[in-house]
Every structure is written in C-alpha cells, then in structure tokens.
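Heads up, there are several structures right after this.
Here chain A shows up in two complexes: once beside chain B, once beside chain C.
Let's look at the complex of A and B:
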C-alpha cells in the first residue's frame, strides 16, 4: 500500500534533524524522517569528544549532546520518525521505498524528498595497500563505534594511517583506553586535521606524526603483526629504501570520507565528480525537481555547525517548494577556477528572489596571501583576503541580498583565488 | 619564549608566550581572551577536558558517554580514566547526570552526555 506524505527526509542525523526542524518552522506539518539506525543522531552518537556547537549554540558540546539538542527540537514539534528503517530506493517521481521490521516494505509518495544520508569512510580497498588480510584493519570510525558505543577495544598496539580529525581523535581515544598508539602516518606534507587536535590528541601523549609517509604493506596472516611504512617523494610515490617495519596488532584507516549517494543515483540526480554529492542550486535542490540534498551526503563538512545551517536552509526551501514557491527556473552556473576546487551550490536560480546566501568551497592546495573573489561577468562582487588557505578548511562566503542580486543578473559567476604565492 | 597552539576552538591560534617573569606572562598571537588564559594555564597548570565511555546496566546501549564538567589538571587524565573503569551506571540516564563526583578531589565531576533509556520502557 502506498501512503502519501508532503516531505520525506532520509537520514536522522544532524542534517536530517535540522532540515526537519526548519521545514516545520516554515509551516510544513506533514513530515516523515526515515533513519537506518536504532536511534536518531547519526554519527554524532559515537563522537563523544567535545568541540561541537561553538557556532550554533555558543558553547562547546560533545557529539551526543549536540545531537540531543536537535532531537529534542524534533520531538517537541511532534515530527514523525521511523527508526531501524532502511530506504531501498527513491524514484525520480519521489516514491520512497523503505524496509523495517514493523511495516515490512513501506512505500511513500512524497511531494518533496530531502536526502540527508551522510557519508561513509574510504575503505582499505580504495587505497590499495598491499599485504596480507589478517584481522585488525579497521576504519577509524568503526574503531570509534566499537570503543565508544559497544565497549570493545579493537587492539592494543596501533598504527593510524591518515591524520584527519577522526584519526587524531582516535589516537587519543585508544590511548585513553590503554592501547599504545605507535605512530600516525600522513601521506601529505601537512595534516588535514585541526591544529588543536594535533596538540591535544598527539603531542599531549608523545605520539609521533610522520608526514610524507605511507603504509606500503600490512603483515600478519591471521592477525596484523606489523605494517611497513615508507617515506614518499614529491609525487607521493613510496621510496622503498626508507621502508621500515612497525610492529603492531591494529591498523586504523582515516583516509577520507565519501558522500553516500546510491539513493541519489537511483533517483537520477546528477552528481558532482569533485564533491561526490549532488549538483544543487542555492535552495539545495538537485536537478531532480523536488529532491533536495544537505549535509555530508552533499559534500563533506569540517564542522557539524555548518551541516546544521546548510540543512536548515534545505528544510526551509523544501517546505517552500511544497507550497509552490521554489521553482526550478533558468540556472546560472557557478564556475570555480584558479585553485578553487569546488563550490556548493554549483548553480544559482536566475529568478528575482534576492535573499542572502552562503557559498561554500574548498581550495586545491595550500596557498598564501590570496584573495578569494566572486565575479559576475568579470565584475568583482566579493573579495576576501586570506593570509593562508588550505584544502582541509572549508571556505564560507556569505553574500548579502545586494550581492546576490548582482550575481543573479549575470550570465556567468566565477570564483577564483587571485594574487598569492603558491600554485599547486 | 615558548610557542604553542591554542586548543580552545577550531581556529588553533599560534601563540608566543614570554614567561621570563612568571608573575607577568606575556602572550601574543591570540585572537580572543581565552587564548591568553589558555597560555597562562598551559605554563602554570595545564588542564584538559576528558571524554570517555562507561558501562551501563539495563540500558538501551551497553555504554554511555561522559565528560568532565570542566577541564581538569592534565596530570590527572590517566588516573581519572582508571577511576571510570571501576564505574557501572544504571539506566535510565540523562544528560548532566553525575557519573563520578569530585574526580580525585579536584572539584570537577564526570557527567553523562547521552540519554539512555531503560530497556524495559522501549517505545
């Protein structure tokens, strides 16, 4: 039997919760959240460290506390949610098929769908590490779940590949639980993690961080017995003469996140080859009418605060779409050149709504003394001088209504890094 | 002169600290007052927030996350974690519930950071 709903939100993590709250506050009452796990909150539930919410709540919360703030908002508004419900398919005409133990297979026809399904970790297979297939190789997030939620320690002598924030946080967490973290290995000459995490997760416990190194082999038949680590040259190729064995029983991989977009593909949504997420306009609408996207499924964020803000925008716009206020008119492409890797949104709607919007982007390398500019048909609309920009830090450009008006009257919008020293 | 990175927020300001005169420590490079306070603490009495999980009985999950209500002296980190290993809490638990009172006499509690239902009152 097919039921009908105005708005179906897929994912009950920070993105889905914020979208639901905002859609409700915009007047939409017929909302259903579908969540795969047994509780709301998404990945925040296992991020038990502090540091969340400085922007949103002006205080420093742990992941579960931040999630609870939004869960409370959703419960207060009586927004319906189904847990342990896995969405199997979203069709182009917004028919959502899900499965759970109570309903069996459920089919919902929605007027609008928000995809807020988050991202996954890059697995071992994606980085081609040679060696044996012994137990003891985990993604950092899997280890985080085992330690923080299930109460298991995945190993005692640990090497971590990748110095992103999850890798750094897990170095400290494993140390707290009595494991010895022997080294964090980073392929690049810099860390994509926050400086504060290098200080409080590694330096505090004298855990060495080896830049421009990688794991070239995993040893151990039944259980990991060690990893072979080597320096890499400027083209990131391992220099085998430098190879050394680090004995360990566990290798954690913190080597990047990938938006989870199987559902979007099924719905016929066009994806960006750069972000791995959908191509959207400033209303967070994809190129499939009435299908929206927000949070880490759209592009991987640094801070959950930015996920919440983006998702509230998506929720508002979805509610307005249901009321017939958002139309997919002609779209102006936002091009990125000269060191700017991508921008979300990739398009602006060429209609007469001139509301403040924010453009989010990442750069391709580390650049010093640059100006981040937005030009409309060659005319500079916005410029921000930055002493240094790096790929690990998302840049956010907030544009006022007047600037948006100038952009929307252009044929072409170009975001670029101008001036500066390094070009990678 | 010491160089350090402020850990108060994701900005991670690079601080330069002149502690030649311990009564008058001079901090530069900070963008907010918290940076100065951090640098002085770091020289005189470094503190850290500690977050961990402890066992739960009768709950919807086997573990609950906890944090120190405020930063505690850095040298107490491992002893405070040892203390947590002895603790088993009983569901239901609410955010802010005290898990361990007055950790090692330092005046700071471990508090619960997650809602845990009793398994019997599942919806």
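Let's look at the complex of A and C:
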C-alpha cells in the first residue's frame, strides 16, 4: 500500500538530520527519515576522535557527540524516522520504495525527496593492486568500524595506502590500540588529507609518510604477510627498481571516497563526472524536480560542519519547494577553469531571491600564491588571495546578497585561480 | 568400508558425487579446502562452451557438446544461475578469416548446432560495443554462461542431501591397494577403506593419480588473471565475446556474468606452484589491453575487482577420464576448459562406470531437485513481502551493493554444506561481491557468522585456515 508524505529524507546521518531539522524549522511538519543502520548518526558514530563542530558549535566534539546534537534536535521536533530501513528505489516521480523487517516493503509517494545517503570507500579492486587475496586488506573505514564499534583490532603490523583523512585518523587509532603502523604510502606528491591530521596523527607518532609511492603487490595466501611498495614516476607509474617489501599483516586503504549515487541514477538524476554526485543549483535541487541532494552523496566534504550547513540549506529549500516557492527556472552554469576542479552548486537559478549563498570547490593540485576569483561576465565579483591551495582542503566562498545579485544577472559565471604558477 | 571415495569437491567432484548419490552406496568426498568449490571452480570464466573449439574425436569435444546440452534442465533441477546468451568469436583481420571457417567446420564435426558465420556489421548490430575493426565472426547460439561456484555448490548440496558425506580439511596423502580395494590416508590422520576412488583433484590430480597408478600423469597449473567490471557496465555486451586465436596468441574474452557484471580475461601463464594464484601487474595490464581489442571503450574506472585461477592443464592436451590401469581407480584429470561445460557429462559417464563396476543399485528415494537460496534482489515487491512475512530477516538488507538480506545470509550458513567463512557466504549469496567489495558489510557478516556458528568474532575467517579477519580484541 502506498502512503503519501511531503518530505522523505533518505539517510539519517549528519546530512539527513540537518536537512530534517531545517525543513521542520521552515514550517514543514510531514517529514520521514529513512535510515538503513540501526541508529541515527551515520558514519559519525564510528568517528570517536574529536575535532568535529568547531564551526557549527564553536567547540571540539567527538563524532558521536556531534551527531547527538542533531539527533536531539530531530527528536525534540518529533520528526519521524525509521531505522534499519533500506531504500531500494526512488522513481522519477518521487515514489520511494524501502524495506525493513517490520513494514516489509514500504512504498511512499513524496512531494520532495532529499538524498542524503553519503559515500563509500574506494576498494582495493578499484585501484588494481596485484597479488594475493587473503584476509587483512581493509578500507580504512571498515577498520575504523571494527575497532571503534565492534572492539576488535584488524591487525598488528599495518601499512596504510593513501593519506586521506580516515587513513590518517586510523594510523593514530591503530597506534593507540597497540598496533605498529609502519608507513603511510601516498601515490601523489601531496596528501589528500587535512594538514592538521598529518601533524596530529602521523608526525606526533613518528609514522613515516612516503609521497609518490604506491603498493604494487600484496603478499600472503591466507592473511597479508607483506606489501611491496615502489616509488612512482611523474606519470604515476611504479618504478619497479625501487620496489621494497614491507612485512605487515594488514593493509588499510584510504584511497578516496565515492558518493553513493545508485538511487539518484535510478531516479534519472544527472551526475557530475567530477564529483560523482548530482548536478545541483544553489537550492541543492537536482535536475529532477523536487529531488534534492546534500552531504557526501553530493560531493565529499572534509568537515562535517560544512555538511550540516549545506544540508540545512537543502532542507529549507525542500520545505519551500513543497510550499511552491522554489521553482526550476532558467539556470546559469558556474564554470570552473584554471586549476579549479569543480564547484557545487554547478548552476545558479537565474531569477530568485538574493540571499547569501556559499560556493564550495576543490582545486586540482597544490598551487601557491594564487587568487581564487569569481567573475560574472568577466567582472570580478569576489577574490580571495591564498598563499597555498591544495586538493585536500575544500574551498568555501561565502557570497553576500549583493554579490549573488551580480552573479544572477550575468550570462556566464567563471571561477578561477589567478596569478601564481602556470596551470593546466 | 566405503564404496566410493571422491577426491576433490570442485565442480567435477561435486557433480560426480551427485550423480553417484542416486545409487545405494557409501560415498565420501574428501576436500582439502574449507568449502566446496575453492580451487579452479571458483575462479574461471564461467562459460558454457558451444563446442567448436575442441579437436574432433577428443574427450574434450565429446564431453563439451554432451555437457552443453544438459545445462537447461540441470540448472532448473539444481537451481543455479545459467543463461544461454550465445557466444561470438571475433576476427579483426581479413587475412585470418579462414580461422573462423576452420572453427565452424570443427564445430560441425563435433556436432554443434546453431553455428553461423556472420559479417562484421552483423556482429556489431548484435553487439554494438565491439570494435569497428571486426571483419567477421563465428556466432554460436548454444554458448552460455553459468555461475561456476554456485553450480558446484548446488551439485554438492544435492549430493549431501542424498547421502554423500563431505569432509573438509582432508588432504589425501597416500593411497594403498588393499585386498578389497584401497586405503586412503589423509594428512590429518583420517583413513578410509574404499572399493573405488574417483580422482577429481583439479591441479593436484597428478599427485593423487601418481600415488597409486603406474602410469604417471602431470598437471601443469596454468594461471589466468581476470578483471571484473561494475554491473553499471552490464550493457556492454550480451554474448560472450572471444577473440579468434592468431599468431599473436589466444586472446581474452569479454563476457557478461550471470549476475550482470562484465568479466574480462584470462591471461595464460604456466606456474610452478599449485597455490600460485597471485595476480600480477603485468598480467592484469595484459588482460585489459587485450580486452580493448574487442571493446575499445572499456574503462579501467569500472573495474571492481581482480582475481586469478589455475587451469589444470594436461600437457597431453586432452581430458583424462575413466578407469585407470588400476582397477577401481578412476580419473577425471586435466579438466581445463571446456571442463566446466563438460563436468555434467563427465560426471554421468563416470558415475555409470563406477556403478556398473560395483554393481550398485539405484535408490528409490533419490531427490534430484535442489532449491537454492531465495534471491531478494531478483524478486518482485509482492514476493519480497511474502518472504518477509515468513521471516523478517529478509527485511534486513546487509549487503547494500548487491541488496542481500540477513535472511539469505542466515540461509546460506544453515543449509546443507553451509557457509563457514566470509568467502563462503559471498559465493552463496553475493554479499560482499558488489562495488564496495564488502567494505560496509564485512563487520555485519562477521557478526552474523559468529552468532550462527556460536564462535567469537575473532575466530571468523575469510576463507578458512589462518585467514582470521581480525587479530583480537582492542585494549
């Protein structure tokens, strides 16, 4: 039997919770959150380290503490949520099919849907590491769950491939639990993680970080017995003469996060080949009317604070959409050039109220002494001088109403890195 | 005293066990691994060959064609994934067109039906993503694909239900002649008296044969590396696409799997060790480059995993099937491609021979039907609801990539010859086989397995032996 709801939010992690709270505060009362895990909070539940919430709450919280703040807000507002409920399909006309043990197969017709289902880790297979296939190879997040939720240690002698934030956090976590982290291996000449994590998780524990290296083979039949590590050339090809065996029983992979967009694809949402998430406007609405996206399913964030802010925006806009306020008008593309890889949103609605908005973006490499600019038909609307920018740190540009107005009256919006070294 | 000891529980051993289980006989299957289907059977192309490749008059030709014809009924009876998707041998060079004709003739000589030589345009009309350089192709309507490990598991389960005993962790160490037959001794000390032995030991079939037979055989482990692509690429082909062997080598295939992924490979390298199943950088690169000849638009971005398997290659070229010079000792050795296709026919043949030699009688209560695990992801919403009404565990999705529920996982553990480790669950249910490669479901699967087996999480293994997932509790 099909039920009807105004707003269905898929995912009860930080994105979904913030979206629900904001939609409620915007006047929407008919909200349903569908969460596949047994608890609200999403991946934050296993992130027991601190450092969350500096922007949102001006204090340092652990992941579960940060999540709890939002869970409390949702509970306070009596927003309905279903746990252990996996969404199987979202159709273009916003019919959501989910399954759980109690309801069986549930079908909900929604006026608006917010996809807030997060991302997954890139596995070993996706990066083509040759060798044996025994136990002991984990993505960093899986290891994090085993340690922090289940209370088990995945291994004692560890090599970590990739210097993404979860890998860095896990280097410290495994060290705390008595494991020996022998090295962190990074393919690129720079880290994709936050600088503060390199300092606090590696340097403070004398864990070596090898740039421009990769794992070329995994040894060990039943269980990992070692990994062969080699330097790579400027085209990232391994230089086999430099290969050396590092004995270990565990390889953790922190080689990238991928927005989990199977539901969006099923709904016919257009995806960006760069972010892996949907293409959205400043209201976080995709090109399917009434389907919104926010959080790591849209693009992978560094800080949960920014996820919350983005998702509150999505929640507000979804509530307004249900009230008929947000319409899919003509859209101006936001172009990114000269070292800027992408910008979210990818479009701005041409007409619309002139409110402050934020643009989030990542750069393609490490660039020094540059100015990050936003130009409307060639005229500089915004500029921010940066001593250094890196792919591992998301850039966030906050624009005031005046600047937004200028952008929305332009034919072309271009975001660029100006000055500094030459870039492709 | 056993009637029959079968050594090895790959697809051949499991099929032989099932075909013999319709007789009144004491059958024991000795398997060195932790599960059925953990050698060559779990890592191959999963192709049901039409039969145009084998040289006419060989055992390969005979069993290939006979085996192929059995799959429609067998896959229904034993409930394993099989699809007759057709296969194509692609030719990319005008000068080599005669090679296709040779294959066609060979197929006709072998009794293969449904063969046709088609033009490059026709091939591309049927398979729009094959290379524009395709000048001609041999199309075989009877070609098919099968899930090889699920086929072996189905055979083994049915054999077990019909009374065959499966013993795991039993590596045969010696075979001696006795007055009434043989004495088979295992490395763990277990010993079995038996009237007959069927050697289905895959890459180890030479070792087993040479324990007792004066006619020595040799099996060369010939490794093949594969790459598996995301289901999102499933549209790339419907038929199995072979490359016409040329002076440059045998080529690789591009094929859909029964579960909708795309598989490319295998390479071919002779190895020293029978455990040498490590993929190598060179071979993976080679497999991919060769696959690009068939399908230039393939992208490495869509690869979700790699694996490799060992073919049990007999340098003599043909299968070794039948009673050896030692009376009561039967071989199914050198079962490389088209061995998977041939296995059902080999099994029936061997079972008939053994039964007649031992004068076995047929059982009247033999049940040839095996019902597999319900596959939630394949069901309609109504069927799903019905299943959840019966057992709410089918309402809990554990593997999100392949939409596998806790109900299916518990079923895979509790059924006859049930899963004992994560790989066993994966082969039976596909949990962990999707695009995240068990990143999310590993901890959940460990919990379910530990709960069902009544063990600690730390004892849960990936594939038996010393493959524990975790090393112990945290501090």
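Here is the rule we use: the second predicted complex is superposed on the first by the 421 of 424 C-alpha atoms of A that agree within 3 Å, B and C clash if a C-alpha of one lies under 4 Å from a C-alpha of the other, contacts with A are read in each partner's own complex, and residues count from 1 in each chain.
The criterion applied here is as follows: contacts are C-beta pairs under 8 Å (C-beta built on N, C-alpha and C of every residue); 3 or more make two chains touch, one makes a residue touch a chain.
What you are looking at is a predicted structure, and each value in this text was computed from that prediction instead of being measured.
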Mind working out whether A:212 is in touch with chain B, chain C, both or neither, as first, second, both or neither? neither
With the two complexes superposed on chain A, say which partner A:150 touches: chain B (first), chain C (second), both, or neither. both
Between chain B and chain C, whom does A:358 touch in the aligned arrangement: first, second, both, or neither? neither
Which partner does A:396 reach: the first (chain B), the second (chain C), both, or neither? neither
Among the partners chain B and chain C, which is in contact with a greater number of residues of chain A? C
Partner chain(s) touched by A:338 [first = chain B, second = chain C, both, neither]: neither
For A:223 in the superposed arrangement: first (chain B), second (chain C), both or neither? second
Where does A:49 make contact in the superposed view: on chain B (first), on chain C (second), on both, or on neither? first
Can you list the residues of chain A that touch chain B in one structure and chain C in the other? 147, 149-151, 176-177
Chain C residues within the chain A interface of the complex: 227-228, 232, 275, 277-281, 283-284, 300-301, 303-307, 381, 384-385, 388-389, 392-393, 395-397, 400, 403, 405, 435-440, 442-443, 446-447, 457-458, 461-475
Which positions of chain A touch chain C when the two form their complex? 36, 84, 86, 88, 97, 99-105, 107, 120-121, 123-126, 128, 130-135, 138-139, 141-142, 145-147, 149-156, 176-178, 216-217, 219, 221-223, 238, 249, 265
Under the stated contact criterion, what part of chain B meets chain A in this complex? 4-10, 12, 14, 48-53, 55, 60-63, 65, 67, 74, 77, 81, 95, 113-115
Any idea which chain A residues touch chain B in the complex? 38-39, 45, 48-51, 54, 60-65, 68, 147-151, 176-177, 194-196, 198-200, 204, 302-303
